[in-house]
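A, B, C, D, E, F, G and H are the chain letters, set down in written order, and residue numbers restart from 1 in every chain.
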Amino acid sequence: MGKSLLKEAQQDRLRLGKYEFTSRLFVGTGKYPSMEVMRDALEASGTELVTVAVRRLSLKDRPRESLLDYIDTDRYTILPNTAGCYNAEEAVRTAHLARETGISDMVKLEVLGDERTLLPDPVGTLEAARQLVKDGFTVLVYTTDDPIIAKKLEDLGVTSVMPAGAPIGSGQGILNKNNIRIILENAKVPVIVDAGVGTASDIAIAMELGCEGVLLNTGIAHAGDPVKMAGAMKQACEAGRLAYLSGRIPRKLYAKASSPEKDF
Amino acid sequence: MGKSLLKEAQQDRLRLGKYEFTSRLFVGTGKYPSMEVMRDALEASGTELVTVAVRRLSLKDRPRESLLDYIDTDRYTILPNTAGCYNAEEAVRTAHLARETGISDMVKLEVLGDERTLLPDPVGTLEAARQLVKDGFTVLVYTTDDPIIAKKLEDLGVTSVMPAGAPIGSGQGILNKNNIRIILENAKVPVIVDAGVGTASDIAIAMELGCEGVLLNTGIAHAGDPVKMAGAMKQACEAGRLAYLSGRIPRKLYAKASSPEKDF
Amino acid sequence: MGKSLLKEAQQDRLRLGKYEFTSRLFVGTGKYPSMEVMRDALEASGTELVTVAVRRLSLKDRPRESLLDYIDTDRYTILPNTAGCYNAEEAVRTAHLARETGISDMVKLEVLGDERTLLPDPVGTLEAARQLVKDGFTVLVYTTDDPIIAKKLEDLGVTSVMPAGAPIGSGQGILNKNNIRIILENAKVPVIVDAGVGTASDIAIAMELGCEGVLLNTGIAHAGDPVKMAGAMKQACEAGRLAYLSGRIPRKLYAKASSPEKDF
Amino acid sequence: MGKSLLKEAQQDRLRLGKYEFTSRLFVGTGKYPSMEVMRDALEASGTELVTVAVRRLSLKDRPRESLLDYIDTDRYTILPNTAGCYNAEEAVRTAHLARETGISDMVKLEVLGDERTLLPDPVGTLEAARQLVKDGFTVLVYTTDDPIIAKKLEDLGVTSVMPAGAPIGSGQGILNKNNIRIILENAKVPVIVDAGVGTASDIAIAMELGCEGVLLNTGIAHAGDPVKMAGAMKQACEAGRLAYLSGRIPRKLYAKASSPEKDF
Amino acid sequence: MRLRINGETETYPDGITVRELLDSLGTGNRPVAVELNRKVLPGNKLKEQILREDDSLEIVTFVGGG
Amino acid sequence: MRLRINGETETYPDGITVRELLDSLGTGNRPVAVELNRKVLPGNKLKEQILREDDSLEIVTFVGGG
Amino acid sequence: MRLRINGETETYPDGITVRELLDSLGTGNRPVAVELNRKVLPGNKLKEQILREDDSLEIVTFVGGG
Amino acid sequence: MRLRINGETETYPDGITVRELLDSLGTGNRPVAVELNRKVLPGNKLKEQILREDDSLEIVTFVGGG
């Protein structure tokens, strides 16, 4: 980017509760070929917020290294998720455990409805969100693209609504732009697309719609070259944001010449 | 971008005849609010190749300044177009005039079929391309997304085939990905999408398909903030290229969790 | 249709609780230019099930004629809706009132979340559905295209799940085929697309996905020629059903000749 | 259809040269599982115009039966094609041979550019069309969706322009609605979509755009049940035509209730 | 006596039944349903149900809807 | 005499007409068209056209196509 | 004494604290959280919390997730 | 002498060269190309090419275009 644009980009910050971010790309830490690839991909992505999952400490084979050995917590804000929870109680319990590690008071709330599709359960999600807000968490909530549910979540006091563009890991991008538009029309909190991103243009499209950010994992971790794809996602996120701020030209069946009429 | 990616990007160069480019974004110089905005937009876009049109010198009001006062020809390669030509003879004549300025031996060949839609006339385009190749030009040819015409043009010896994603200035992006895919399957010369780009994601999509570059004008010049949009287009072009080189994940109806199964 | 196809179509019946239908097109009775146009459109549509709304009897100007004077209840099954209800209690109350008319024990359950978008409120809808099933209604329930909510409704014992293809009256067709596909994968009750249909092909697409039927109102009532459009919708519904039963050819980038290779 | 609609449909006839048709669906005779299935599919499709190919008479194994034993030429107008011709001369020769059978003076002109994709060669197509019009044929010409080529063909005096919705046998429907719209805006002759139809809704969409008819073969012949699919295509063609004539409702992000506001 | 019907205050002879009220409203044989003091009145009770001073009724019927 | 028919060399009695050839090929009343020595033969000339040694014919008919 | 840790039965010296248990498990300075008898144990209580016979613990940490 | 330049009729001193004409038009060092009597004039001929009565010239330069 040119210098002035760069400067401007520095000032176009995303505020989530008491946190503030320059990068609008949030990246997951699961399913990479190796810890090293994950570390390099996170760096290439330019992200400042990474999600992690909560799981049992293994007693038998004590791993000499842990995930956080590869994540510089001075550099990245940690966003624990409640992945794998299929009801509100489990999700709330998981969020509290995550907080007691002292690493973060943020939580990416997921209450899943179905082990096959991993789609969110709106009812359990609402119940858990109510509790976690009451318990003082900074709640970023994974949900469907249902504008009514999104509004209910916002009214409960969550910090960010995170509609799925498409099912987790499906790589289909944003399947229903219409719903995302309606959510954005209503929302007073940042809307962050979470899940469904398959390639860079999917992120650009989400940002061009006016979303405040994008969260993804599989799209990078399972790409042929995760580190390079992370770079692609970074560029696409910045591209989409800039395009949104710039104001695109309208769509037409056909239009006008970009060169003047010939005159000789 | 991370350092190593940056280095790699430096080496991922596009060769067009005897010219070589690091940036795969080509930008037009028409229809900007002002010469200053154009100059800044070109800079923000990171382009190394800019298109210009050939028109009569004005005798009456001798403009104190000319387009090229705002385009550093040490920095930008100049690509004169034959915009406004509706038959092969005019296009050939225009190309020769452009070359005699001594500025460039490249030409962006356009033979238009229709003043309303500004769609290319494949027949006139083939005729002019044959002649210009014979006359030793480096011919980049604007055409439809018709794979058969694209192949005929390549067989004539043009340097690049430039199918329209959508009509000039329509801002509709790539209307027929299927045709672009078929063109790419056949092509041995670089395929550059020319015309139709409305916003950043359109460029990312073109590059993700495997196009070697994108040329646009209106999408930047008529954006609410042309300089910022130029930056967006730059990022999107790099994003799409990187994503293409990385290898995206497949599309599925739904998929697998990016967090391991919960176990506590 | 040919005779044999016609015969087969007769036998391809849709069962909803104790009711059975040959036509898979359900039509609303609101917003027509006149009662006569409505009557003729219903006839042209070939529908056997029409929806009606419940409203206060007007005391002041006693209309000499009522809606049902234009609907032959021997010919059409009546499906009262709970349109305009924004919570479960109201919807349940409205359903009971409708049933006490003695006209029908079916109800099209709608609990809306928002007066602007008229999108369903999944939470209120679940609550009302539970009660109405308990009260012995044949419940057809209007919902979003959220597969998890659809499954919860089915588990409550509703007779049909009716996801919106797009917001009521938006005429955008089926915005998220992926979700409809997932709903169909899971569903053991008939899935009927309700709302969003703008033109005939939207219905064909819904039926080709495997939906058991389509319900619409505005797409007919507000068409330039409602009666003719009703005929179009009828044909499209039959077309889509037949195509689904026939088994379509796969999609390919390109394919084989339908004429043999030339040999002379 | 209702009686009045049926009557109206009878009068909504398509004129091609000196021929007139009530059905706007044209069907090919290639690639069916058997002659009997073809015959029944043609009947189920309601078509009045069937395409055939010209090939060498087999000397060795003299087939006891020929294609036309299964096609009642009193009922169906025969449209010989020039399939398999890769240049104008061959196509013209084939058309003349077809005419000398005395069966038809119509020809479906195809000049293909490529054996792999079977896409038309616009240059050869123009050359052959010029000759065949001069030779007094009723020329229906298969072409790309390029509006400029379509206009050139019309200007040569062809009876109908038949753009491909997608490559032959690809089953992808209409890939570029924008181009079809532009062709329709310009055309003074009937525009008939030829090739690309995969399922019923594809036909409805083509007709809703304002096309005068649709020609297909593989979509029926290779369907799981060709006869049933032929019935689907018939219904879809009528549906799309009626919808086009009716005038569809506009698309909106969201809209108005089809039931009045609740008042009790 | 005074009755509250669909939000309006109306006066009717004492002891009138719901069915009689409906007839007086000319609902004829068109389908209607009645809420009496916020309780849905079973259709088969219309005939016998006698109204009292200050009863509140909601009388609904079917209109066009989707 | 020798005739070249659809790429094959065949032997037929001298002076045979195209129509007679077609009948011998059993084309019956099915629609065919003939190219004689690379020239399209008008349908109404089949009867009178007499074939000569080494004439080359292409005989075509209709088959299924799209 | 017997402890139930992450579903396994383990034996540890009486009166051990949670912190000591964690150290013996070699969690080092990696982030962990503990549920003691199905109740989340505040992080600042790890040091002082003494374990008793048959206590049941869930010890969790962070792994890769999206 | 009379010259036809870009559609206008202008008067210039006899024997002027194209280069001199361009200078008088103040094209300075901006890129231009010239067609003399419908023939493209090679850029390296501008200096030596002498104009004659009624010569017709098209002088073009670059403007913004896409």
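Here, contacts are C-beta pairs under 8 Å (C-beta built on N, C-alpha and C of every residue); 3 or more make two chains touch, one makes a residue touch a chain.
Just so it is clear, the model here is predicted, and its values are computed rather than measured.
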Chains adjacent to chain B and to chain H under the stated definition are A
Ordered by label, the neighbours common to chain B and chain F are C, D
Of A-D and A-H, the pair joined by more C-beta contact pairs is A-H
Farthest CA centroid from chain A: chain F
Most remote chain w.r.t. Chain D, using mean C-alpha positions, is G
CA centroids of chain B and chain C: separation to the nearest Å works out as 47
Dist(centroid_CA(chain D), centroid_CA(chain H)) in Å evaluates to 56
In whole angstrom, the CA-centroid distance of chain F from chain H equals 69
Per the C-alpha means, the centres of chain D and chain G lie apart by a whole-Å value of 74
Each of the following residues of chain H touches two or more other chains, namely 6, 35, 58, 60, 63-66
Expected list for chain C, residues touching two or more other chains, is 28, 30-31, 53-56, 81, 83, 117, 119, 167-168, 170, 172, 178, 182, 217-218, 221, 253-254, 257-260, 264
Chain pairs that touch, by label, are A-B, A-C, A-D, A-G, A-H, B-C, B-D, B-G, B-H, C-D, C-E, C-F, D-E, D-F
Interface with chain A, chain H side, in the complex: residues 6, 35, 58, 60, 63-66
Note: in the complex, chain C contacts chain E through residues 28-32, 38, 51-57, 59, 62, 66-69, 78, 80-81, 83, 93, 96-103, 168, 195, 215-218, 221
Given the complex, residues on chain D that touch chain B span 113-114, 117, 119-123, 126, 144-149, 151-152, 166-167, 170, 172, 175-176, 178-179, 182
The residues of chain A that touch chain B in their complex are 1-2, 4-5, 8, 28, 30-31, 40, 43-44, 53-56, 81, 83-85, 90, 94, 116-119, 167-172, 198-201, 203-205, 208, 217-219, 221-229, 231-236, 238-243, 245-264
Note: in the complex, chain A contacts chain D through residues 178, 181-182, 253-254
